[in-house]
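Shared between the two complexes below is chain A, which pairs with chain B and chain C, respectively.
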Partner chain A sequence: MGQASLVSDSSRHSIVEVSEFRKSYRKQLAVDGVNIAVRRGELYGLLGPDGAGKSSLMKAIAGVMTFDSGNIDVFGTRLNSEAASETIKDLIGFMPQGLGLNLYPDLSVEENINFFARLRLVDEQELLERKQRLLAMTRLEKFRQRPMKQLSGGMKQKLGLICTLIHQPKLLILDEPTTGVDPVSRRDFWTILATLLHEQQITALVTTAYMDEASRFHHVSLMYAGQILAEGKPDQICAMIPGTTLMVQTDEQAKAIQLLRQHFSQVQPDGKWIRLFVDDMDADTAIDRVRTLLSALKLEAVQKVDTELEDAFVGLLKRQALATVKDDAKVESADLNFAELIARNSDFVAIETCELTKDFGEFRAVDSVSLRVQEGKIFGLLGANGAGKTTVIKILTGIMPPTKGSGSIAGADIARLGPSIKQRIGYMSQQFSLYMDLTVIENIMLYAGIYGLRAKEARERCHWIGEMAGLSGDIRERTSNLPVGMRQRLALGCALVHRPRVLFLDEPTSGIDPVGRQHFWELLFELSRSEGVTILLTTHYMSEAEHCDHLGLMHAGKLVADASPEALKREVENEAGQLLEIAVSDADSAIQRLTEIGFKNSEMYGQHIHLMSKTPQQDAYRIREELNGLQVSSVRILDLSMDDVFVYKIRALERLADTGLKRMDR
Partner chain B sequence: MNLQNESWYQIALWFRQVSVMILKEFPQLVRDRAVFAYILYIFTLDIIIASGATLELKNAKVIINDGDRSHISRELIYRFRAPYFDVVDVDMHPDAALRSLDHGDATLFLDIPANFNETLQRGQEPAVIQMLVDTSIANLGYLAASYGTQISSELGAEWVGQHLSAAGASVGSLPQINNQRRIRFNPDINESWFSSISELLAVITVACIFLPSIAMVREKERGTFEQLMVSPLTPFQIMFSKIVAMMIVMLIGSALSLFVILEFLFDVPLRGSLPLFFALTALYAFATAGLGMLAATFARNSGQLGMLLMLIVFPIIMLSGLWVQPESMPIWLQQIINLTPLRYFIDIAYGILLRGAGIDVLWDSAVKMAGIGVILFTFALWRFQQQFK
Partner chain C sequence: MNLQRILVVAQKEAREILRDRIYFALAFLLPVVLMLVFGYGMTQEVQNVPIAIIDHDRSALSRDYAHRFIDSRYFEFKGYVNSVKSAELLLLDGKVRAVIVLPEYFQERLVSGLPVDIQTLLDGTFTFRLRTIDGYIQAINGAANAETQARYLVRRAGLSSSRAQTLLQPLQVQTRYLYNQELREIWSVAPALIMFILTLTSPLLMALSVVREKETGTIYNIYSSTITRGEYLAGKLLPNVVVSFINGMVLILLTVFYFGAPLKGDVVFFLVAMFIYVIWATSLGLLISVIVKTQIAAILITVILAMVLVMQFSGMMIPVSSMSDTNNMIAHSMAPMHFNNIVTQTFLKGGGLISSWRDLVTLIGFMFGFLALGYLLFHKQSKS
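Showing the complex of A and B:
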């Protein structure tokens, strides 16, 4: 016991030390002078958007890639030759990026594990024991014989982890293990990792593109454009930017945003709320300032919230002027009041489905989904990989017909989507739907031509898209050379070239950096509020789900929840209570004690313990009492995030399915 | 009046949509260096290389054991001449010669016995020489053997003639057949005329099948395909524009090899009407592209497509009569071959380019080719629409 305290022991030497690391691909500089140090037993996080240089760094540390200059020491061995890299490979477990890319799809779970074990010359007897333990831990025991290709995304990643761990490495290097994995599986993954680290004194270096996972790490480095922006403990980074994050609610949201943008650089709509960051002010001064600025409007509420890593990241970028922030991200905001009126008073149903069902052979991908989206609203479809979100979008856009059920878009039956209704639909698929080998202008003109725009109109739209996506200067640039965020905005632009009234977006923001995502959401917001465009989108980012007017949660093909974000949160709060966060030095004993006194759902979350409580005030008090001897430094009541809501809902459904199965067994 | 305007607008829209879809293929093709280089290669270097390969006997290695060393044996050896034969050794021991044949170092071994001249002079019994031929490469061995036999029997006939005239008789008094050849269309029997056209037809076939289907599968791989499905384009428009775009590329390539390689480099007489040739080549492109498109509806990525196309393209080129005469094949195979558009395109191409034939001669081939093309295209379009259901 007592390993937890070891984590804060600063006298231990580093397992990984990187200094002045540089790597370029042809002429493109990928990583530019990075220094990091990972200490024994640490869960070290490298956070940053796609193309920040995370993967290059990881590969170099794992000894599978050469680099231009700088030093890397792993377990005290300097990686300066292939021979040197070989000597440490037994101590390292490396899981490359991509869902199950290091595994063999046609081999079963067990065969995959056996293969990796034999490759690493693991003793057969030991293999048997480790396999047993790891399979039990990851709850893959039942699926031993199942071919890897038939596992879900989350299960693939867990199997990947087992295969990486089978030779008992001392250092784990995991490159984006949770990207594209649904929130429930993501939580499972982190819990397993935390337990392993704890029990076996492993050190882990992990990258992620999800900012909200940062609090799970002991130490974090924020990477952007090949450089390290900031490093430290997660809460330290949040505190690096002096200022206050506020949430404002008002009836005249669009107007308020316009006013606030004149004074603050980080203002974004967040569902019915507006989230803004006020530089260099404490909470009271900031609230006063906002109230004065918006004195002409009727304010429902102004409140301070915790600054999250995503806010800090954006703030840091803006401060270092690494990202140019457009102040004029407006979309023809001619007469907002009038437009808002349209959006608000419209009861017109833009998208409607009735008992939509789709079978692929034996497998039912979509199971009687009925939903309604009103004109001018943003509807978010959430769910794990394979829950059926993409299939719903493909049916609605007429790419594939449903097996059963019906649907309509703007009143037209989807079974017979003629050219006239297709003219009113915009669609952006999961993959980049642009032609990478064409230039920006060629892409726009192609789609303008396909939708039959006349030359003059096409030029106008082209200009508009250039403005909107902020790429007026790069119009003759090959699309493949654009940064990911800009590409995504261009793809949105192409989907909008014919002014569609209904927009379908399938995971439009995955892999984009937070600044890019903010821009993107501002655009969507403008479209829905000022032009009355109806938007149906899917996302894995739970923080984005909160921006939507309405959410649909999908699980195993079914729509299991259908409400506004607030309503969903309230529902879960009523059922399960609020979230308590306990900071305690001896977490092991604390969890044991908590479980004994009835808090069965307590779990490790980074360095803290999380649990749900229906009577948070009393429970907080009681927990302080009960854990008296264990140095509790704080017990806080947290607001539920969409992530919590999602995980709670899905777990409840899984439990239901489990008990159902057990009943059937009997 | 208004209604008429509306339908005109629809037609104009249809063409505008198809034309942007066609035009976008060209920059894409030029920027894809690998594919661009491939196209350039098949229409130029590939044809030059392929027409260098011939079915004639050239420089076959000959080894000889001249046991006789008489003027008559030297006369015989002298007749094994270039360009058909290449005599490497005239004094090789039979054992060594056999080893040489075993190793494949020589194609033909000629063994002349010590008493060859003497036996011939005596004229009592036939003078025997032995020829050992390596026929592991059947075609080459067969030619070497028959050329060799021809040389020795010519020499024998001359010898007989000399003896007869010495005896006071004349060869002319014996019954003979005088064979007079007149060669049409290719008087020098210049094989590069035939092989370069044959390779050009193979290359056109490859281009017609590969290019549009690869362009189609690329759209699938990159995910842009769904974007097109959601747009107001019809499946026919998508398929049609791919085929037209690649047909244009293929025609440019064909013109390049026709004028630069065939006419300029190999002096092939382009006898017939070239507009007719290009028009029928365009028709052929449509007839064949359906096959590639069909394969593209089954393949999920270009790797799969490549393997599928191999299965389609090889038999077509092998069997349709580019390299072998269909008449020499079993009847059932000939009937299958009659279903491939290439079967008729070969008639058309040789007809126009070498024989100078016009549409009055070739119309039935053109009609059959078009008929098969329409069936293939319709089937491909049907599959194309089915794959999303």
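Showing the complex of A and C:
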């Protein structure tokens, strides 16, 4: 009905307008001259790594933080004083960063909701109705009486959303609502948010560190180092960098990478593939160019893929030379010796566990996990917070004994990890293991000392680490002065000081910007391919999972999948089919129609609709026919992402558990 | 002011205090434990000091003299030793704190009217109560002297022993301890401890409960909602004041019924004064919470502040009248001294409104002053 007029209305009214916003903490400039405008009804995304300045901006817009200069107008009110900020608080709902941190752990789910509602003077009758509806929608109904501290990460996040929504704000400000939440809960979260925004005409401003969530927004701004790199619709941003993203597969991966690096700046190994970005060329020219360059090698495949926001982000940073120049140059100069890479096809098992189990009181954190990692491979352990990943690593490194089960590292039993075995293990914990007040070299020498290296050897390793991590020029710098990405490489270096053969990394890349993450992965590849180091790491970036040789998926302490990324994808494709993306102007009616004709799993994804199909070609055709009147602009078949695979796997498990329960009820 | 919002915050706060075990212990257990620990620690009489004796004379008189120490309840006799060397070893090991050395010819010299030098060795590292021990020894020695002289007079002048006593000590001091007739230290210490413990725990509770919200991030719920500063602070103060007041009453009961100190004055007056003091102390916690960001910092600052206030400026340890002029002025400009006055007045001197109205009025002034300061400094916007 009023859809069209609403759209034109919204284009005129900005609900949030920020101009030349600046904020510094002591001497550190956090946000430097940012302008954004959020229009009514929009789902606006602010993307960027940790420390980009997102949170500062969000807090200032919510009127809960002072700032240095610039203007912020929210609902036409200029937030230039504490008193002025008070006037808009009725209209906004603000959820600060940190999973469940704005909730009260000792209050029950219902008490939390009541607290937020009564604080906002919501009418008791209305509270009852809204609570009912939101609890049902988030499937938290049966946990009403449970204290908040006993909820899972995903449930906390949903409760946080209910509490922020209970007074029906007109503007939602959510700071990293999906960080640290498992992919399934993340998907649920987006669906709920999309539904509510649509129904109640709410405007939402959301930040995220996950680049792959960008396509869910109507409008995004990419933030880096306190500035906005680019803004626009997600696909517009991807198109800002003219060029083509290619995937190349060859047996001689290392050689190919070396050759390609001489011509292109964005070349990365990606599992068996090489992902590269070719500037300013269309697909055909780019493919030809790559084929010519690699004519000496045997190519399995060269194909064009969609440029993703992460590619665009890195491209933008490189173009604007914003990525701290020294951060960049060093890694190039360290020049990874890909030429000397030896294709190791060792059958030697470096890590093996059998029925590993760990109980903490009543709680089973790790439940019969059996896995094998071959020497020189990168094994990725995926799963939500609390799935048991860190515990597995702690058991394998001998920090914690298992309750049941056994494991071995390089053939030695973990129950009897002697000093000689510990010499062969490197471990980098979730939190930074560096001493911030020491310099780079002091940190390295400290670790060298801990592992009992002789002075000469220590100096050699120091030199090697400096080269490897691209830190040679900053060796006397205080660690606290380094950018996060460099710190992370230094931490990796310290874990490698004693030349371990097996390396355990616990969430090594969380919170680091895409450029930093790329560098880090290049180092890992180098280590595994040329030095034959076996690496077991955990991550919750699904896009990183694709880089691993082998994946283990953990859910509630169990290892629920264990295969190569490609095998996992094929498996899900066989079971559930492929992903169809439908671009249509009237998405609501389209989803309704699709559900009617049997596509029960169709859901909103940004401005598009996603659904799974076993017969994608026929279904695409049929959907075009059925949605004829609704202006379908495209129906595309998409490759499954690791995220899709993860969500599918976990949902299948949950369904299994549900039917199991039902059977038990009977 | 919207009453609902105040009550919602207060109710949430109360639930958290009751459900969080650590917080609960801090709120209700800590004051009682402090009362018991300090109540005993500060009042213990010095008794049973381990002592050794070297008797070089081994005569009837020297043994008599030694028994004055051996039979005293203030000393615990560990045995005779033969040489100063072995006595020093005992002192070194801490097995005895004092050694009495009786010289050779003790009896001979005494009988022939010559002076006798008795040496005492005290463990100097044990400075705590060293003077008390020295005092005991002097007193026992004094008594021995007086008896010897009396005996001499009785023998020589044929006086009765009581007449001899009067002649020897014509001036006698008769002390009457007012307000604490039995001179029980605990009578004055326990009531003062009420002041001390409330000065420490009330701000601690309040500061922690606000800073904890800052640390976790729940404070942003308050910042971003429509609740006013005044409503939030009222809601936050209310349960904390109630908890502190309950604690105060428990401490009064402990003082009266457990430690046996009398509450001679006006009980109602005292409760009113305590209520005002608790509000002041809680607003002090609010002020601390405004300036710090972490719970650790809040604890440190509160403890140090409370210690300085109580030890230096409350009059509990050092009487205000014997302070230097500067400290005297500082003490008068701090609330704890006024409450300490009220405590001593009502507990021991049987005072009430009539005797202590000045202190009460000052406390009321402090209370409103600190509440206003807290309100002015608390903002619904963070700087970082």
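What we mean here is this: the second predicted complex is superposed on the first by the 635 of 666 C-alpha atoms of A that agree within 3 Å, B and C clash if a C-alpha of one lies under 4 Å from a C-alpha of the other, contacts with A are read in each partner's own complex, and residues count from 1 in each chain.
Convention: a contact is a pair of C-beta atoms (placed from the backbone, for glycine too) under 8 Å apart; a residue touches a chain by one contact, two chains touch by 3 or more.
What you see is a predicted model, and the numbers here were worked out from it, not measured in a lab.
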In the superposed arrangement, which partner chain does A:D280 touch: chain B (first), chain C (second), both, or neither? neither
Now for A:I399: first (chain B), second (chain C), both, or neither, which partner does it touch? first
Given the touch rule stated above, what does A:G449 touch, chain B (first), chain C (second), both, or neither? first
For A:E460, decide between first (touching chain B), second (touching chain C), both and neither. neither
Applying the touch criterion given at the start, work out whether A:Y435 contacts chain B, chain C, both or neither, answering first, second, both or neither. first
A:E625 contacts which: chain B (first), chain C (second), both, neither? neither
Under the contact rule defined above, give the chain A residues that sit at the interface with chain B and also at the interface with chain C. none
Taking the touch rule as given, give the residues of chain B at its contact with chain A in the complex, in rising order. 13, 16-17, 19-21, 24, 27-28, 31-32, 222-224, 226-233, 388-389
Residue numbers of chain A touching chain C in their complex, please. 25, 59, 62-66, 82, 85-86, 89-90, 92-94, 96-98, 101-104, 106-107, 111, 115-116, 118-121, 147, 163
Where on chain A does chain B make contact in their complex? 394, 397-401, 419-420, 422-423, 425, 427, 429-438, 442, 445-447, 449-452, 478
The chain C residues in contact with chain A across the complex are 2, 4-5, 8-9, 12, 15-16, 19-20, 216-218, 220-228, 379-384
